[in-house]
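Note that the chains take the letters A, B, C and D in the order they are written out, and that residue 1 is the start of every chain.
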Amino acid sequence: MKWPFFHPSRGAEMHIEIRSEAFEPYHEVQVYQEKIQATGQYGATAVFVGTMRDFNEGDDVKGMALEHYPGMTENYLKMVCEEASGRWSIIDSLIIHRVGKLWPNDPIVLVAVWSAHRKDAFEVSRYLMEELKSKAPFWKKEFLADGDRWVQHNTPGY
Amino acid sequence: MKWPFFHPSRGAEMHIEIRSEAFEPYHEVQVYQEKIQATGQYGATAVFVGTMRDFNEGDDVKGMALEHYPGMTENYLKMVCEEASGRWSIIDSLIIHRVGKLWPNDPIVLVAVWSAHRKDAFEVSRYLMEELKSKAPFWKKEFLADGDRWVQHNTPGY
Amino acid sequence: MVIQIRFFASLRERLQLSDCSLPFEASMTVEQVWSKVTNNESLPANLLCAVNMEYVSLQQVVKAGDEVAFFPPVTGG
Amino acid sequence: MVIQIRFFASLRERLQLSDCSLPFEASMTVEQVWSKVTNNESLPANLLCAVNMEYVSLQQVVKAGDEVAFFPPVTGG
């Protein structure tokens, strides 16, 4: 499930990808960064990694199934990245999100943003994460010792 | 130049290091994370990397010399990490900062923060960077085509 | 001429229905699509809906060939 | 009994002095240390100073054995 590169009008690059297999986020950032053409132009990179915890709402969580709406997810994340590249000055951004079965300590999501100055990278990485958590069509089902449950809602991040 | 681990009273781990050789920040984060005992407890990691640009204030920059005040730098960064671990709920944090001669695209600084929830990781990584840029005793001298110049001040990040 | 309907996550499990189609009727809103396809089940609190993969309100009027999706609050990231 | 004085970055280069020492005198402030060691040079705008590796004001009184440091605005990160 690869998503092509987008080239929004403001000149910021972006790459959005939904993965059904485990990934190593820092390796992905390193490999992606080596392909960025704008060497010497970015002074700031802000990276966020969401990792599966082994507890939630007071319960031990054994594993998780992550469902998404193929197509709408990518469209939504693309739209948010384009909006961000209009509001802030950024050079490149990368989003990778897992779907399928996950186990504690597995990376769930990676957001990385490259910009000339730190303010933009910090603000955009957080903005992309908040938009992703509040509106991108993903759903988590947790495996507990006594059965499965759907996560009801994400908590606000501000 | 290695700095030992600190164990502040609130239970957050931290590691602060001044490096005189080039480092690969994402490799450092990965290696450091593998040693974190609190596996399954952190759901959020926020990483910031500052990279040397090849331009500043309209001029091409060929290279840079980074000077610091050994001892005071580490004391100051330790104090800021301890303060942050009192104000926010964090699990671990890592700061690596280069000194010596740097060339465009070289990583200058790495800040990584692990927490249960994303709000803390986002806010602490930015807080540590702002404190580092505004008060930690480091100084940059840029090598331009027509000579060297000391950077006069850092720009605010908020 | 039909419209396609999709359900996700807990809604898909509860209705035991992942996707289906309805004959297109003029001036039909998303809310009316919900009522037809669920046999007049009441609207869940916090129900989200999309037409052709974009968020819409329940009052949105559907066109022939549209893909209408219903799902609970999202919980990714 | 002495106090140690250190200069960093552009200040170190301009004064052509990285470190030196002064005989300790009672009730001497950081500002007085600056004046003695620089031969009454006027205080640079934005001068920062530390005693024993902690930021202090120019009015801080130094003790025997203290390390006093003077430096310009910091530019790390």
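Definition applied: a contact is a pair of C-beta atoms (placed from the backbone, for glycine too) under 8 Å apart; a residue touches a chain by one contact, two chains touch by 3 or more.
All values derive from a computational prediction rather than experimental measurement.
Think of each touching pair as a link: the shortest run of links from chain A to chain C has 1 of them. The distance from the centre of chain B to the centre of chain D, with each centre set as the mean of the Cα atoms, comes to 26 Å. As a whole-number value, the distance joining the C-alpha centres of chain A and chain B reads 23 Å.
The mean-CA centres of chain B and chain C are about 48 angstrom from one another, to the nearest whole unit. Within chain A, contacts with two or more other chains are made by residues 50, 129, 133.
Shared interface positions of chain D, defined as residues touching 2 or more other chains, are absent. Of all possible chain pairs, those that touch are A-B, A-C, B-D.
Within the complex formed with chain D, the residues of chain B that make contact are 50, 66-69, 71-72, 75-76, 97, 108-109, 129, 132-141, 150-154. Taken together, the chain D residues at the contact with chain B in this complex read 6, 8-10, 13, 46, 50, 53-55, 69, 71-77. By the touch criterion given at the top, residues 24, 26-27, 29-30, 39-55, 104-105, 116-119, 121-122, 125-126, 129, 133, 155, 157-158 of chain B touch chain A in their complex.
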